[in-house]
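You will see subunit A twice below: alongside subunit B first, and alongside subunit C after that.
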Partner chain A sequence: MKKVSIFLFIIIITLSLTGCWGKKELDEISLISGLAIDPSEKGYLISVQVMVPGEITGETRSAASNARMFSEEGESIFQAIRKLTMKMPRKAYFTHLMVIIINEEVAKDNMLEIIDLCLRDTEIRPDVPIIISKDDMARDILKSVTHIENIPANKVKKTGTNMNENWTATKTITLLNLFNAMASDGVNPTLIGATVVGDEKEGETTKNVEDIESPAMIELRYFSVFKNNKLIGWLDEDESRGYSYLIGEIHSSIMTVPCDEYNTYNLEIYSFKTKEDVKIKEGKPVVYIDYYIVTNVGEIGCSINLKNMDEVKKLESIFEEEVIENSYYTIEQLQIKYQSDIVGFGEMIHRKEPKIWKALKEDWDSHFENLEVVIDAKVKIRRPGTIRGQIIDEIIK
Partner chain B sequence: MEKAKISLLQLYTLMVLFGLGSSSLLGLGASAKQDAWIAILIGNIAGMVLLLLYGYIFKNYPDSSFIETVELVLGKIIGRVIAFLYIIYLLYKATLVLRDIMELILLYVLTATHMLVVGILAMTVVLYAIFLGIETICRFSQIAFITVPMKMLYVFGAIASGITDFNHLKPVLENGWMPVLNATFPLISSFPFGEMVVFLMVFPYVNKKEKAIKTGILAIITVGIVLTLITIGNIITIGPLMIELAIFPTIQTAKMINIMDFIQRIEGLSVITFLTCSMTKTIVYAYAASIGLNVFFKSKNYRYYIIPVFLVILLGSIYTEYNMTVHLFVGLRLVPFFVNTPFEVIIPLLLITVIIIKNFFKKRNQY
Partner chain C sequence: MRSFKDIFDSIKKQAQNNQNEEKKLLISKDLKKNINNIKDYLGSSTDLILREFIIGEKYRCALFIIDGLTNGVYIYDYLLKPLMVDVRNTKLSVEINSPQDLFKVLKDRVISLIDIKDDDDFYQLVDALLTGDSLLFVDGVAKAFIIETKGWQDRGVTEASSQMVVRGPKDSFNETLRTNTMLIRRRIKDPNLRIENKTIGTRSRTDVAIMYIKGIANDKVVEEIHERLDRIKIDAILESSYIEQLIQDNRFSPFPTISNTERPDSAAASLLSGFVVLLIDGTPYTLIVPGLFISLFHTAEDYYHRFFFSTMVRLVRSFVFFLALLTPSIYIAITTFHQEMLPTPLLISISNQREGIPFPAFIEALLMEMTFEILREAGIRMPRAIGSAITVVGGLVLGEAAVQAGIVSSVMVIVVSLTAISSLITPAYDLGISVRLLRFVFMFLSASFGLYGITIGLLFLLLHLCSLRSFGIPYLYPLAPFNFEAFKDSIIRQPLWKDWKRPNLVSHGNVRQKPPKIAAPKPPKSSKEKNR
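Entry: the complex of A and B
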């Protein structure tokens, strides 16, 4: 009796452990690396980029592109994604999604549906970077065949990281950051914009990787400005620069100031620290931002004697002025042109002075226009590179 | 009651795992926003007070299981009614925890599997555990205790990934103490701290009874520290707004971990670590329920009740709640008021009052 019952028990357990309903083997799924969302007459045009494993890691690589793209229209994003099954032999699998590219027009109109879907879905991770396609269709960016990185979506993501580490703060905005910025009263989101530079039609073919200089390249250049969860404009290069200073997300970058008509002074930032403070003046909050920037001399285009301490001090103060001016300019632009607080001054007030914030938060955008911000900067030059004196003087004399 | 002895260390590990079950998964105190961790610390203190109350009951009846104690203190009729209600309470709590387990697995691991299959598999483990008895359960808890430091590793993993923002913790006490206290009482004080009332069924097995309560306090402090750390980790990683929205915020945090593009996508592992605690919790409830039934019906062996307990918990967890919305509403809104408060605070207080009065008369009769 006991043996029979044990036998039955084993059979039941074995049967129930053989597998799971929803199992998907690797050869049954398509790994999606990029998702592009464009507007269409029906609603949305979805394009997904599928990695072709054989072309990425295979021993013999053919000239074929190592990613494929599928597109489908639908009334909603979810519907369009499911409609893709009519074209794809394998089910789309989104856990390895590297980037979501959203068309500018969709971002101007309504992005909330996208955010809801992406956060609700169990496959898409909250740390996917989100990028806006400027001037081009989102799918064009995903389509460009690229050098160096095999998969176009990966190229977009890595360019963002590289730029963040070495040029300005792209502050690669992930899905979760975007949600937090949108949901918070005191800050408006900003997303990085990507465009295709060059010939888009050429960019789609593998010919793009055959030449040394590609006919088409993906470029991440601009910051978008959002207000009330809708995209309202783009920062130009100066404003982007000032924005990077204000949010203090610079890891390593170059500061450039012209010294005469053609030449410039350049400093390489290697440490950029920001201190924020909020004080109350006559019942109104005033935001104080102090920069502490440590630099190396990078490139000197004019004659300046770096052996002399006074000259170094002078150089430092030139850059201090530059940073301060640039930041003020950006704030002014944000207050007048966009009336949108993308820096997060509201959040600073919220954190420091929660009581004052309660009165302001209902109508923060209009209060933001009259916000007083005081900026101070301290630039330190640590060393002049490998050269002690001034190269230019040696040559000219 | 079975004949068994457990050590203080085993009691400690069992209590810590029990305390972290489910509670570490759900965003406890989400209504207090960025102050959720303060709410948990206050709940921790309330939990210690509650445990001292249970300790008083245990001190007066150190050799009888709680169901027996209720009958002894409150007499034949009222005592038996309340004892039976306690058994239902234990079974109901087990169904809630099992539902958490099933929802977690269905959401993140086996998305297309039927709930019943997951339930049967989980309950089979529970059934086997209670069949082997409390000594085996305790030995299991000693091994499974490794998941507790692992939980804390997630917090450090999130910090190491560079995705955390300590500014999310500010401003502290934005809306004063009221939202914090509202989150603490009755939700956090009862879940997981007040739930320790079930350990009145386990304390009699401890070999050094006089130190049982002290160990319990230590376990509650551990639970409080781990929960606070996890909550702070969640707040600084995904932010208080997301915690309010997410069903399992802790898993969302684990999803975000990405150390140097090398250690990433570890939510599968995190589901298992958090599941271990929830399983321990179900096992303790199911065990207490079958022991309770055995004591209540004065039968010889608690193992007679394993199959009924198995069926009640399994079917109860699936059919009492229609969907996740109902489950969260019931679990986080109704249960703390209408189930936890009476069974974890009011009835124990009533018992203590009766015990004090009885002791008073006993003393007077002696002289």
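Entry: the complex of A and C
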């Protein structure tokens, strides 16, 4: 009995002495949804977007914005974040961070410090998407009030995901992806760029959501190209598309080929598989990439008889050519314009031919310039859609 | 050492026996003296009824009954009538020369009741009288009859009130021991079903029946029960819980190591699995020994439905046990320590509701849990007539108004109601009580250490459960000393048409059911085929 009471006493004392160490009530923290990093004279200009729960889920929603923004300058990012406490009534809480937006200028200058901070900090998750602001301040993108999604930062994140799943041109890259790409020898990192389209000043006010068509919208477009952990340029839309093919990051997308001056053939990709292989030819590695693309007919602008297998085969080969050409074009651009291997050919060689890789590793970027890549594609059309025949033919008749 | 202990024990036992023997007091031949003795001993209580009469010309007799404990029909039609009326009209064809002769004739030829014995011990006689038997004294004989005439007001066999079923027998035990043994005997007509009686309580002299099936029940458990029951020295047993608390293994455990039931079918099922059932006079709740943790999750109905459904329901119950135990503490832990664990939209929603609540989550949870406990207790104790008032006050005022006034958040109300409903789902009320208690412990732990606290608490709980034994059987059996055969009827319920064995630690592991050789019945042949 005495033992038990002593035990209980100790338990109660320890329980009460901890004083709920590490406790933070929900009304003592500010949930940060977005972090924007811009350059400034002092060093960095940090902007954080704080979610206002009452405006997002409250029963009586006012016209007020769903999020608030706080900015602070500092010599380092961490210093600036801590300096924010002078302006914020509650502790900034980063675990629900949805997006990190980095100004193009910062990315051109120094990315390593940002990556170090974000990975080192216990609150920021490694799966936060990172986006580069192209032509605009990062904070302007974070500021734009948007339709549909309540929180601007969430809009940026979800648009990325949506595009990734239904369109090819972009792929959201997370903090961890970025770090892996930076740490690896055989691949250079790439990030998507975001811009504000329309009137930026209007975009900051809630007026932006009052109209049916917003005066300002956030748009995710283009891949950036990095070399030596610094941003060196951007891929245009065609190149971005070719890049997506090369890395095989396509879930569902549309392929378009013009059939005459105004009209196009469109196929909807529903399965996209890439097979990579590396072979040694005369002591040099050659990368082979095979696409296997399964599609449905999406939109046909010209007369073609889909009941005829030969016609279908012909259509398939048109698209095969298109994909191959697009990929070659992108590789060429990467080799000549940027000399940066963002696709990860080096990684492929490393995996398949580790012995050769050892020799190439040291100076991969210059070797990449002369790398031979052979691309082959197989496009399969599975279903013509709900109308089998030619609507155009029927009408013209 | 052991032999020494045995010797010591036997000496002790002998001493006890001697004490009992010393208490024996022979009655006298003189009727007057006997009557006076009994009257003195019982203090002439008003319910003690004495009827003096004369058989033949000279044989004076006296009949004692306790009013209310005896069956009137027995007394008038089968006792007094034969003794006083029929005796005169019948030729007994035996010559009666002495009171001893009469005594014999009365037993053999006159009294037409089934259970009749004679005794010469005063205390035995009084004991019998107080249990509802009649005493018949004959002047000149130093013995008296104990005639079984028990019969008193009894609630009758009614529907079970705390362990309801949708499908299954509706009868339940009542307060009369004999009725209860009857209800079980009617279900199990096995000659091996044994009923052993004990009288416990120096003042209440409560009958306790130990029921088991010889050859199925673990003999060591039966032996242990006998020993533990013998050790009880208490003045009265008013409910089976008295016995439960006095013979259970770990007295400081919040968990019941002896389960109980008020359903005869559950008791019968337990007997058939090799458990021992203790029936206590004066209460409809019978004890099932040994109590296993897993059996607290079982109901009689599990066996009356098909196994898919029963298995699902059992899994739900096991899951809900944790829900009832941990919901408030997990809520506290997540909202005060681990906000990163919630999906963002949910966190925003909770955060919005927490906005402006004056208390920290822990105090808020404590407040609501206490409120619920108060409501619950009030709901049980209140007079029926004001029931609706409590419902209105409890449900509307405390729930909705508290939220609207901004004292508690609506998530908290959801958490508390979920917990409350969850704690009611466990079939064993006892388990619900322990869960209620432990819930507060877990709330303290989570408020201090977050999920670490909950994890540590769960670890300790598991250790504690593993350390428990009920009459030598591990409490977590068949989960902790894992036994596959017994596991088939634990958190899952196997189909009845499969091999079915009894839990091997509890019983002798006999086969309960063997599947027939052709496992699945075949459809009858159609008439067309027959004609061919």
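Note that the second predicted complex is superposed on the first by the 379 of 397 C-alpha atoms of A that agree within 3 Å, B and C clash if a C-alpha of one lies under 4 Å from a C-alpha of the other, contacts with A are read in each partner's own complex, and residues count from 1 in each chain.
In this text, contacts are C-beta pairs under 8 Å (C-beta built on N, C-alpha and C of every residue); 3 or more make two chains touch, one makes a residue touch a chain.
Model, not experiment: these values are computed from the prediction.
> If we overlay the two complexes on their shared chain A, which of subunit B and subunit C does A:Glu369 touch? Say first, second, both or neither.
neither
> Quick one: is A:Pro126 in contact with subunit B, with subunit C, with both, or with neither? Answer first, second, both or neither.
first
> Give one of first, second, both or neither to describe whether A:Glu25 is in contact with subunit B, with subunit C, with both, or with none.
After superposition on chain A, A:Glu25 lies in contact with subunit C alone.
> Could you look at A:Asp116 and tell me whether it touches subunit B, subunit C, both or neither (first, second, both, neither)?
neither
> Quick one: is A:Asp236 in contact with subunit B, with subunit C, with both, or with neither? Answer first, second, both or neither.
neither
> A:Thr95 contacts which: subunit B (first), subunit C (second), both, neither?
both
> In the superposed arrangement, does A:Lys352 touch subunit B (first), subunit C (second), both or neither?
The first partner, subunit B, only.
> When the two structures are laid over each other on chain A, which of subunit B and subunit C touches more residues of subunit A?
In the superposed model, C touches more residues of subunit A.
> Once the two structures are fitted together, what part of subunit A is touched by subunit B and by subunit C alike?
In subunit A, positions 16, 20-22, 95, 125 sit in both the subunit B and subunit C interfaces.
> Per the contact definition, I'd like the list of subunit B residues that touch subunit A in the complex.
Touching subunit A from subunit B are residues 107-108, 110-114, 117, 120-121, 124, 163, 167, 170-171, 174, 238-239, 241-242, 245, 252, 255-256, 258, 265.
> Which positions of subunit C touch subunit A when the two form their complex?
Contact set of subunit C toward subunit A: 252, 335-337, 339-340, 344-345, 347-352, 354-357, 360-362, 444-445, 447-450.
> Help me check something: in the complex, which residues belonging to subunit A touch subunit C?
Contacts found on subunit A: 4, 15-16, 18, 20-27, 29, 31, 33, 51, 53-54, 56-58, 93, 95-96, 98, 123, 125, 154.
> Once bound in the complex, which stretches of subunit A touch subunit B?
Subunit A residues touching subunit B: 13, 16-17, 20-22, 95, 119, 122, 125-127, 176, 179-180, 183-184, 347, 350-352, 354.
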